[in-house]
Each structure stands twice: as C-alpha cells, then as structure tokens.
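Have a look at these structures, which come just after this line.
Shared between the two complexes below is chain A, which has chain B as its partner in the first and chain C in the second.
Then we have the complex of A and B:
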C-alpha cells in the first residue's frame, strides 16, 4: 500500500466565542502507518482531544475545521460532508475517558455492543449477540454470557471500559483512537487496560492513537510520540528517541516537574511557572515562551517552525534543549537571572532535598 | 471484629494526632452495612507528613473526614495533642466543645473550584475563619493577616483580593484554598487529593508550595492521594490502605524501596513507570475489588492476592514490625 494509513496535514480547528476565536488546534500534521501507535501527549487545553474529535467527525457544526486528513487515501472531511456514516465506527473508532458516560445506562451491555454490528454490518440480532459475547471474551471479561444481559451500572469501572473497548472493536477497525482511556480508572486497573489495548492492537494489526496527559503512559507503548501545547505540535519523535534526546524545553520541563516513584521523599520538584495560555488570541512567538527557561528575544516575536533533529525527530524551538544554541540560551538566562520573557530564573535552582533545609537533625 | 493492630503507634511525646481503632460504617438499606473503614489506627508527629495511599474505595477520604468529625466515626478515638495539657479527644466532644477545637484542624479538597464559594470575594473567603474567631474581614488586623497569607501562597492580594473564584485557574484556586486553611494557623492540615484535578505542569507548583507552607507555618500534614509518586515526594511516613484496612505503614523511603505487603507491591508494579524495586509482572491480579458490604473474611486482600492460603481466609493478619519503623499486616510478607 502506498502512503500511510492516516495522514493529517496542517489541521486547524477554531471555535468562535464571545471573547474571540479560540484556536484549539493550530496547524497539526502527522502520519500514522498501518499497525503503528502514535501517542499524543499534552495538558488540558493543548488540543489533543479536539484533534481526535475532528478526525472522528464528532465536533459540533459550528467548529471551523481547516486542513486535510486522509485515511488510506480517502479524504476524511469530504466523507464527513457526504455523511458517509459507515466509516466512523467501522474503520475508525474511538474509546473515551469516562466509560460510564459513553455507555447507555438503560440498555443491556450485549445490545450496545451488538448495535454497531447490526447497523453497520447488517447482521441479524441473534448473530450480533453471539459475536458480542465473543468480543467480551476477547477483552477479558469473565462469564461473557452472563454479562451480555447486564446493565452498565452492574459492572465495575474497569469492566465498563472493557465493554467500551469491545464496542469499539466490534467492526474490526483499522484505527482505534483512545482518548485518555485510563484516566478515570485506578492504577491497578489502568495497567490492565493499557496492556489489553496493546495486545489487541498487535493481534489485529490495528493502528492506534493513544491520547494522554501522562508521558509515563506512552513510554514503552507508542512507536511515536507527539507533544502538544496550546494547539501546536512542540515535538514529535520515535518514542525512544524522544526520551533519550528530547529537544523541546516543554518536553524536558514536563518530565522534570513530575514526581518520580524512584526518587527519595522531599525531593524538590522543578516547577513550570505560570499556566497554559488562553488560545483565544493569536500568539506572537512561541506559546511556551512565557514559561520557558530557554527563551530568547526571538521566541517572543517569531513562532518557531518544526525543524528536523535527526531521523523522524521534529521540534519547534529556537533554542532546543541539548543543543549548543539551547545551552547558550539557558546559560545566558541564568547569568542574567531572568529570561527574555521576564521569568525569574532563581526558582529553577537545582533540586535540593527540602528535608536538608528544614529539619536540622531530622530523620535521615 | 478482628483488629488491624496498633503495634505501629508510637509513644513519642511530639505526637500531634492519634487515631485509634477508627471504624466508619454507613447503612446501605435492607439492613446492610458498608464497612468503609474498619479498625484503622495511626499517629502523626509534629512537623511530619503522613501520606495515605490507596485506590478508590479503600477508605482514605472517609478516614480524613472522620478525623475532622464530618461525620463523626461509628467508633474509635481521635486524639489531638495526646498526653499534653492541650489534649482534646475529638470523638468525645460535641457542640461548642468541638467548635473550639476545629480551628486546630483544617482541610483542603480535590476540586479547588467547587470548594470555593463562587459568589464571594477571595478576601472574604480567606477571612471567613478569622471573621468567626477574631473579627470582620474589614478589620485592619484581619486584613493584614489575609494579605500576608495570600502573599505566602503566591497570590498578589492587591490584585486578587476583590475578585471572585471564577476569575482564577484551578491552580490559583487551590492556592486560595491553601490560604484559607492556613490563615487560622492550624496544627494539622488534611489534604484530600489536593493535586489530582490539576494539570501536570501546575501540580509541582502546588506540591512545592505545600512544602513551603509546612515550614513557614509549622504545619503537620495528612496527605491523601491515589498517586504513588506524589505521595512519595511529600511524605515522611506512608500508610497503604485497602478496603478499609491498613496494609502497610512505615518510613516513606523504606516502603518504596522494600515493599513487603503484596498489595503495596502490586500498586508499585502497576504505576505507569513501575518502581525499580518490584517486578512488573507482579501487577497481574484480578480487577474486581470486593464489595465493602460483604468484605472477605480474614485478610481483605486475599481474594486478589497471589500469596493467599487457607490461613488468610480464617485469620486476619495484624500489623507486625518488620524492620525499624516498617510495619506490615500480612502472614507472608516479602
């Protein structure tokens, strides 16, 4: 097959509001090959879910979508305009964050899974129910026969998410979009669901977009990772490359700011000052510049474009971390005590265990 | 009911809070009872941070609320400053007596926006405790105190004091909640999932702020979270809970570097980036948490435990000392 399974080019999604136009997604491009997983990582408001919803044709009609998306050579947005309903839910499906709100509380689980088989594949009621039972077994639900006639409220959170995954897999999709599939679940369940998605993807040769706010979730699970901030792609790279040689100061800051399970208690965290920007007005320059340790004057006026940093590694930054330019920019900011955006550099002082400062003779 | 034991309680004279045999049960209709917290004991020394970690339904939030008597526990004792002349037994107090003790304990919650009254100004929200105990929010002395505490949490009082909560982001609202809790100079601050609703880039700011506030105001923290990495970062001592019981208690670094209870090991192996002290394969257990209406006999974790034997079904394990300041309730600890 020529070309990738999914090619997204310069996707822009805007919403008109009373305060002005919200640019939720502002020029995002990526390719996804058949059978591969791309992780999209970002905080709330970064545009990761809007990107997924745009692809799934789930945005309200007042959303202004620009750019192109091609699935196996077919124009996704043209199909949306032509109301081709047998594409979504069949070839491209989605799993959402909260399993309770994505299930119908007054319909039996079996019927809900069978529904897409009956609607899209025109299967008979009985045949669809049998297949629904098979699907429940595949997603690791014990006693699938009994579960078919239960309602969502009779299942635990983890079981519900398994049901939602079974629904998404019913028509054997070629691409599954999982939008924060485990955020609402407990840690012990989270790992099971992520492993399940990975196993199913491998077994079916399906491609996956895994959306999360947690860099730890994509590590080891995605072939490629795209980091988003304020509607922009900040960095994109094969997963191992990203963690080994991250270039974008935002990616670096995200990783440093998260407490790690293996560091001793009271290790001071490196904060990211401020908060994510409102995406209402067109920002001049880099959206992360006001919070960035590396920012130089150029960052405030010129929006950096994506540049290559090795095979498949793209980064949008004027002073990328780990490069000579970046080192000089950060050293310059440290010497001046403030960044080009006026950020006080002292707060980034090296990690000092707070225990040493506060508790003379405290327990070691 | 079989006890979880009290071997881990300490006799040091700087214990500020001691919870003994706390039981919290709720009626569930049809004469059934939800056993939310069953015989939990712990203590906290002055200036310490106690982390309580566990999954949803383990009783960690119920425990926190029972400490402040909201609502009062079914049985058990909660003692503030035990053995000193300021000793107060919260579970024995009611009415005015309880009201007098309340300022010594404050609480912050998970959702910073819904825990602030949207119709009131920040100055009045923060000053409310002072207004009750010391004077109205317009008083010069109260104003000064509010300004000081707002500055301490990184909110500029000249800009922010007359605004309402909707004008602030989640992180800023959590700062205001912390200011409201700290303004009465409490001895103990109970934090119930304080960073779970925040973006990762803001989370570290609040965690660092809590450490600063702790040293500035001499606070003792009870820090509740489901996030193992966050709990390790802030805690001196950690309590792991499962289905209303304590599994393991001890020095934070000891618990994370040599977890002894099978459930603690499962938790550490299930983290997105598992701790190096456990094998990732240990996370393979069943999904289903038993109902707290009919908890399993003996050890409550036995239905999901890889090491469970017949003994676990009949005899409830009691907390026993494994190493210095490291206690575990398991018949077969690692």
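Then we have the complex of A and C:
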C-alpha cells in the first residue's frame, strides 16, 4: 500500500484528574516513511512519551485518545479496541528508558527474548532460544550462548539495554519506538547504544521513532525531527534543515542547553527559565510564551498554528527566530528588559557553567 | 551445599535450645515424680520402706509399703535423683535414637503414640494448606486484575468476613450443614483407607484453610498490585503478551514473597494450633494428644509433641528460605 508506514493525524490524549483534564498530547500529526527515522524532542512532560505509549497501546484505560493513527493503512486504535494479538511486539515494538527496571528480574535473559518468538511466531522452545542467541549476537553482546541463561541482575546497564533491544527486534518489527533509550545509561555507553540502534535500523530497513530530550542525539541519526512542548508540535523539519535554519525559539533554547564539542571550551550553557506548564486548562496563547525571550503580546492571546517555513519545515510561532519579525521582537524585549509575558531578560544573561547544571536539582 | 549445612546447624541449635527450655520447665515447674505417682511424693518413703514410719496419707493401712516401693521404682526408672542437666542429656540422647520414653499414664511407648497420631495431623496440615493456596491464589489474581473495581470490593468484603469468623464457629456451621443436615461427611474420624481419612478431614481442613486463604489473598493481592506497577510489566505489554500471560508468567512469581513467608509461619503454627479443631472434629492427631497430655501431666508425651512441633517449624521455614531463592534468582548469590 502506498503512503507512509505510520501516519498520525491530530492525536490528542487527555487524562481526567481531580484538578481537571490534563491534555498531555494536544493535536500532534506526523508521517513516517518505511525505513525512516523521526526524532521527537522535548523536555519532560512535553507529551513525547505519551504519544509513543498511545501508539503502543500502553496507556491506561482511563486515558482519552482522539485522533487517528494508521500503520500501513491499518487503524492502530481500532486494532487496540479489537485486542489485536499479533501487532504490538511484532510489527511495532518499543525500547524503554531504564534497562535496570524494564527487564523481569526473575526470568532468564534468553527466556525473555524467546518469549515473543514463541508467543507470536509460535516457535518451539529450543528454536526460539537459538534465535535469541543470534539476536544477542546482533546487538553486540559477547558470549551470547552464556548470556541466555543469565539473569538481568548479572548484566551491566549497557548490556541490559542491548538485551531490551534484542527483545524488541525479536519478531523483526517494521517500526521501533525508542523512548529515551540512553537516558539512564552512562555517558560512555550512550553513544554505543545509539549507534547500535542506527546500524540495526539501516541493516533491517526498519523505521524508527527516536524520543529524546537531547537535540544532539537526533542530529545525524534522524531524517526528520519534531520538537514538542506541552503536548503541541512546536517545530518539525528535516533534520539538516532544522539545525541549519532553526525557527522556533524553543528549539533554539533547547539547543543552547546542550554542551557542544564544536563550540569553544568554557562556553556557558543557557538554561531555559521556568518549567513546562501544567497543561490542564485550554491554553489561550502559545504554551512557551512565559519562558520565551521572543514573546510579543500576540503570543499571550493567540496560539500560533503551524506554518510553513520551506520544504517540509513547519513551525508554530508568531516571532520565529532567524526571521525579521523574530529579530525585532527579541531586540524589542532586550531594549525593554522584559518580555511581553513579563519575563526578566536578565535571566538569559545569567549563563550557567556546565558543572552547575549537573548538580542535584539543577536539572529541569 | 554450604547453605544447607548452615541451615542444618541452625536447626539443631534451635532444637537444642527449645527442648532444653521445655524440658527444664516441665521438670522444674512441676514435680515429675508427682506426675508419675501422685500424692505419694508427700510421704517419707525411705522411712516407710525401712519400717520406721507409718503411712500418713494412705487410707488403707499397710498399703503404703507397696506404693512406696513404686515411688522408689519410679525414682530409679526416671533417674529423678540425678541433676537436671544430666537427665536432659540422657533424655535427648535416647530421643536421638528414636526412644521418646513411655507415657506416665498408660505406659505406652511415646513413639508408638506419635506414629499413630502424627500422620493424621500431617495430613490435616497438608490439606489445610492446599485449601488455603488453591483458594487464595486465583482469588488474589482475579482481585488484583480488577483492583478496586466491583469484583475486588466484593472479594474484600468476603475476605474480611472469613477473617472475622472464629474458627470454632466456622467449624460448627460447617458441621451443622455438612454432617448433621446433609450427612455428606462423617461425624467422627474414620480410619479405614486413605479416602475415608481424606473425607473425615475435609471439614476440618476447610475450617483451618478458608480463614488462611483470606489472609493469603489479602497479602498476595497487594503484592500483585505493586508488581503490576513495575516497568517490566509495561515491557511485557509492549511485547504484545496477553493479560493472562503477563499475570501468570511475569507478575505472579515476583509477587509471592510476602505470602510465602506467612504461609511458612502459619503452616508450622497449624500443626500446634489445630488443637481446638482436632478436638471439635474428634481427630486423633498431635494437637489433641498434646492437649490431653498437658491436662494429665504426661511429661514424656508433652515433650515429644514439643519436639515434633519445633522440628516442623524449623523444617518448614527452611523450606521457605529455599523457596525464596527459587522465586528470586537475586537471592541465590548470598544465600
């Protein structure tokens, strides 16, 4: 069937709470072609994991899901309602953030990998175990035969994440969702795991959704990037375009929070002041306006829609960075010393040394 | 292997301490001689035997000589003139060789009494535990799966109901319906074959097992609900596994810890604590024997029962510790 492998249209996920309805995802749309990678980037609470869980049918039953998602033309949410047995874990699989907790502590590694093969592909015990060994080898685990009969606690964090990846790959999925796959790992291991995912994706022609809070992670790995904030898509563009012509102030701010190898040493990082909003009430203006150094009065009353900024480049902003309007807005705010939302521009001048960001409580 | 050796040493230690305490208590808090011969301990028997004194207690003149000879005989037979530690060592030495002594009252070897009583109590214990587990595990799984929904609420009410009925009341209710009205089960213990034994013990095992099943259900339900929050359950769901498979293959085993601990403690206690139930259902088991022996001051039998119960306690708890390492491989290292 022609068309994208995955098409998500106006996805909305809400949770009823005592304080009101939390709109965790509020109108997200994207297409993902077979064999392509899309990076979804945003802070904690931006709705990226909820988007992934909605697609994986992992949300609790009280979550209210609206909108549509089609996988190879098949309606994902209809399959969820019909309790489709051999879709999740077979065609669409997921790798989770924390390998220390995402493996069952009382089951042998081999059994856990073989389980999908046995349940979905009806393979015999021995055959499935042999295949589990092959998978362990593919994810770069030494002595796979020996590992099969080990328990998760006998492996290191990096190894465990490789096991989780092997589990996700067992039934040769067409789409792999990786939700912050390296956040819980040592920095030295992170790159290995990301490269491994990338290599496997290429070798298998598999599509991937790579979820991260780190723009640096998607650079060079994703074909397309979607930046999310408070449940909304802020900016979406082919990766190269995004890094070359960043339009959204939030994307720009995110990038400035990341240490980069190509900037002079001792360059200080710029934290984004404030925290993401609690998305309980319907927001009138732009959700990022209170933390944005470009914000103009319009931002407080009108929620900007996604507008085109070139081929495949969408951005939801009234005063996009790098445009004439944006430059004027920022200059105006700097001259006034405060933004339209009342944010003290001094906050941006206070650049924080990298060491301070790593202190407990320093991370947002 | 070292684990087993250590457990064995521990078990021996516990047995030594408990038997010593029990033996000392039985011998020091009451006079064993009195338990054998009654009030003749009050008579100066040495003088009577030597013909220097008259029997002051006896009602039949001249009969005291024979009785006093009995006292002397008992003293020698039970080595009552030896110091307590010596007697204890002698007693335990004999016990290790399978000689529990003989009853003060009917002079039967204690081992014969035990051989007859023990299997019935063991069978009752086994049946009660089976009832408790067979009822509680599916019950807990069903309740945890639908936690806080209507079914779970109803089951909570039922479990509190079962917990608050006293054992003897449940026994009487069951007896009334199944023995008196419908005559499904016999009213006394029938010892013809295994089937009749099982049948005779059914109501008693329900009486013991059902309240326990309520306790186990509460424990397991809570642990299941906790385990269901774990990340690896999300992983299992993402693998596209059915709820049933996730529950039984992924969630149940790591949730059994709390319950297994309590099952271990309760099972051993069942052994000692089924005294009332054995009495009500007239089951000739250890509990009933212990009760009767305590009332009759039958020291050797009481002590033998204590040894049996303590052994059961330690053995069952060792089994529970072994089960831990089966349930969770992370325990195996430092076991």
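The working rule: the second predicted complex is superposed on the first by the 330 of 364 C-alpha atoms of A that agree within 3 Å, B and C clash if a C-alpha of one lies under 4 Å from a C-alpha of the other, contacts with A are read in each partner's own complex, and residues count from 1 in each chain.
Everything below uses one rule, namely that contacts are C-beta pairs under 8 Å (C-beta built on N, C-alpha and C of every residue); 3 or more make two chains touch, one makes a residue touch a chain.
Note that the structure is a prediction, hence the values are computed from the model and not measured.
Chemist: Using the touch definition from the top, say if A:158 reaches chain B (first), chain C (second), both or neither.
Modeler: In the superposition, A:158 touches chain B alone.
Chemist: If you stack the two complexes on chain A, which partner ends up touching A:192: first (chain B), second (chain C), both, or neither?
Modeler: Once the two structures are laid over each other on A, A:192 reaches chain B alone.
Chemist: Residues of chain A touched: more by chain B or chain C?
Modeler: B
Chemist: Give one of first, second, both or neither to describe whether A:244 is in contact with chain B, with chain C, with both, or with none.
Modeler: Neither partner.
Chemist: Touch test for A:58: chain B only (first), chain C only (second), both, or neither?
Modeler: Second partner only, chain C.
Chemist: If you stack the two complexes on chain A, which partner ends up touching A:254: first (chain B), second (chain C), both, or neither?
Modeler: first
Chemist: Should A:120 be classified as contacting the first partner (chain B), the second (chain C), both, or neither?
Modeler: Touch partner of A:120: chain C, not chain B.
Chemist: Touch test for A:335: chain B only (first), chain C only (second), both, or neither?
Modeler: Neither partner.
Chemist: Per the contact definition, I'd like the list of chain A residues that touch chain B in the complex.
Modeler: Touch list, chain A to chain B: 43-44, 156, 158-159, 186-192, 213-214, 216-217, 219, 253-254, 257-273, 275-276, 291, 354, 357-359, 363.
Chemist: Provide the residue numbers of chain C that touch chain A in the complex, in ascending order.
Modeler: Those in contact with chain A are residues 230-232, 234-242, 245, 249-250, 253-254, 327-330.
Chemist: Can you list the residues on chain B that touch chain A in the complex?
Modeler: Contacts found on chain B: 47, 55-56, 169, 171-172, 199-205, 207-208, 211, 214-215, 226, 228-230, 232-236, 251-253, 256, 266-276, 283, 285, 287-289.
Chemist: Going by the contact rule at the top, pick out the chain A residues touching chain C in the complex.
Modeler: Residues 56-58, 85-90, 93-94, 96, 98, 101-107, 115-116, 119-120, 151, 153, 164, 167-168 of chain A touch chain C in their complex.
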